[in-house]
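The structure that follows is given in the form of structure tokens.
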Amino acid sequence: MSAYIASLVSVVGINMILALSLNIITGFCGQVSLGHAAFYGIGAYAAAYLAKLGVGLPLTLLAGAVMAGAIGLVVGLTSLRVRHDFLAVTTMGIGFVFLGFVRKQKWLGGELGISGIPGPGLDPVTYALLIAAFAVAVIAFSLWVKQSWMGFTFDAVADDEEAARTVGVNVSIYKLTAFGIGTALAGLAGGLYVYFARIILPDTFDFVQSIAILTMVVIGGTGSVWGVAAATIGLTLLPELSRAAADYRLLIFGAMLMLVMRFSPAGLAGMIRRRSPA
Amino acid sequence: MLVVELAAKGLVYGCMYAMMAVGLTLVYGLLRILHIAHAGVFALGAYMTVTVANATGHLALGFAAATVVSALAGIAIYRLAYQPILQHSAFVPMVVSIGLFIVMQEGFRMIFGAYGIAFDTNPWYVANIGVAGINLTYVELAMVVVSVVLLVGFGLFAGLTRAGIGWRATVTDPQMATSFGVDPVRVRYVNFLFGSALAGIAGGLVGLLNNYVEPTMGAAVSYKALAIIVLGGLGSVRGTLIASLVLGVVESFGAIYLADIFDRDAIGFLFLIVVLMVRPQGLLGRG
Amino acid sequence: MSALARIDDLHISFGGVAAADGVNFAVERGEFLALIGPNGAGKTTALRLVAGLLRPDRGRVFLEDRDVTGLPAHARVRLGLGFTHQIVRPFYGFTTIENVMLAAGHHQTENPWRAITGRSRTAARDKAHAILQRIGLAAQAAQSPRALPLGQRKRLEVARAIALDPKLLLLDEPLAGLSSAEAAAMADLIRGLPGQGITVVLVEHNLGEVLRVADRLIVLDAGKVLAEGAPDDVMARRDVRQAYTGVV
């Protein structure tokens, strides 16, 4: 595997984890989140900070995931209090608050971010395989959740919360669970990104990034694990395969969001389901 | 007197936010859609103002163009983007709106260039006037005056004219309004027309304020406008106006006193989150 | 043997109007109790207070001597309470049998850990199928609730509640909107429940069917209990007939 392929695999793997993690929150449990990049960022900053202090790889990744998950639970608690309509704006707000905070903190590097992060201690190809292994694990985990009673319960919560309560579902705990798991996984992706990029800038974790992640989920088919995985691979590789696509990346994302939601709101997965009866 | 100065600047920004937020809350009240593409209309207004003003040498023509083009753009957005998908859950139109905004922003970048355009002649940019001991530039003053005039005008329209009352009825109870002969589609057109025109004018004014129009200028204002309509209680025009002014002032003070901790754009959202924790229905929403 | 459930002095107001103004009654194990009364008497409010969908301003609710006033609805379900809505709320994204399966598998959904570690839906599916057969919806198992007429959706609502293995089932106007044949069939269906170990409390307007199937009536008027007792005794009372003004 050449270094170029290794970096492609790494980027696809990280995006895969990000998209699937948002899919658990939005696709499985029906909770809108327009600030997911903030948790990607929390994981990245936590891991980068500790890495520069000399903490070793597995611990930094764990710290990133735990930190992101913990703050994710707090955000999840806000989701319990506010109306559904408000959740979109509130989660967007979380994203801006995170960014606004991190840009001003000198000890986190301010506008310049954190640079000079040590390597993972693995050569690029092996590291790429490590990322790929994590991505595969997240796919497997997503499928497991979907097929378990947790997936069944998430579907109910997403469908009708009050009805779910009358069949004994503790809706709040399930929403918190979705947020906690989804944000922790995003934090994991952040940690993995840190060793890949060796430098992190605040702008990497802005609203545009949150929308990019949402795009992968929406186009794949919110809730569908394979759909989201396929869309992630496609959307990540597209700018690599076509120079034009790279220059117009945002325009293409925007156009695809519009067209897909207009003509097939259930995304790719919806289009395929329609082809095959049953 | 720093406090008064900060409060005054805050109110100026509040007026600008109000012009944006009213359009958003009108759309939400009627269709339950978060019209994020509204930011694109704002930027469109700014570009219309600057290009027409620079081409003709008349600022007034620039604003006229902004008003007309923005209003039409708003209606086009409703017809093409939202109307076909109203039957889905609110998530779908919101995502379409996000996509549309990104497309518009990129469109501006491709057509007008990434680096922004300035006004050739902008006498109002520097000239200022002392009002009650505070220094406001002409633009800042214009912002307050224009927003007050337009919003009061709309209030009169809604309260006193037949069309306005029909509009209010539709927002409160669409079925009842239809049975009284009010055409819901026409009401929606009025909504988008007025809200978008306001946004376009606001865009022109902000362009004048900064003497600079660039593709991403709609973003920050739009996000804050979203925070404002939530704060004000989604769908309530009065709540939105109050929340706009409150946010402008809070941001003004917050940007100074919290400068070491958060940057300016985060202040508004921080305020929103804190308020929602204490009052989940917003400042003025009903529980 | 103490009562299965007890309501003590419940008060709740909406916008200044007292929907429950000191409601007291008990529910005996194994009985079929009907809450009746004119429009606006507070019947549905009382039921929703027992179910935990509303919190009282004052007063307490007991389930098997346990004070559940502070418990949310889902916790009361775990203690043996079932509820059906006046305007039915099936999961429209699920099939008919899936609706019942989720309730049938209530042990699996108790907490996230149980949920994530449980994969098999066979037991729940079998149990759901058996219930659908008893209810007469077996043929509709694979259909979406959207495809079902109101009568069948109401049956689905009851089936789903039964699948929770409740001790006490609260039914909010299960006969509303049904034709007389459908209403009679539904009333017969519900009448069989106490025989299966499920105590029934129902709120209903359809007096004809209620008088036919209920063991005991409680009449509510303006948020207070006006009368209670055997159906014939209660309906013979003048104040009860007056409260209804014109209805037999």
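Note that the chains take the letters A, B and C in the order they are written out, and that residue 1 is the start of every chain.
Everything that follows uses one rule, which is that a contact is a pair of C-beta atoms (placed from the backbone, for glycine too) under 8 Å apart; a residue touches a chain by one contact, two chains touch by 3 or more.
This structure is a prediction, so every number in the text was calculated from the model and none was measured.
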Inset, instruction - Point out which chain occupies the most central position, where each centre is the mean of Cα atoms. - result: A
Legend entry - Chain separated most widely from chain B, comparing mean CA positions: C
Legend entry - CA centroid of chain A to CA centroid of chain B, Å: 31
Legend entry - Distance between the centres, which are taken as Cα means, of chain C and chain A, whole angstrom: 42
Inset, instruction - Just give me the whole-number Å value for how far the CA centre of chain B lies from that of chain C. - result: 49
Legend entry - In chain B, residues with contacts to at least two other chains: none
Inset, instruction - Would you pull the chain B residues touching chain A in the complex into a rising list? - result: 28, 32, 34, 81, 84-85, 88, 90-96, 98-103, 105-107, 110, 219, 223, 226-227, 229-230, 234, 259-267, 269-270, 272-273, 276-277, 280-282
Inset, instruction - Note which residues of chain C are touching chain A in the complex, please. - result: 51, 53, 72-75, 77-78, 82-85, 89-94, 101-103, 105-106, 108-112, 114-119, 121, 160-161, 164
Inset, instruction - Name, in rising order, each residue of chain A that touches chain B in their complex. - result: 32, 78, 81-83, 85-86, 88-90, 92-94, 96-97, 99-101, 103-105, 207, 211, 214, 218, 248, 250-251, 253-259, 261-262, 265
Inset, instruction - Please give the residue numbers of chain A that touch chain C in the complex, ascending. - result: 144-145, 147-150, 152-153, 155-156, 158-160, 162-171, 173-174, 177
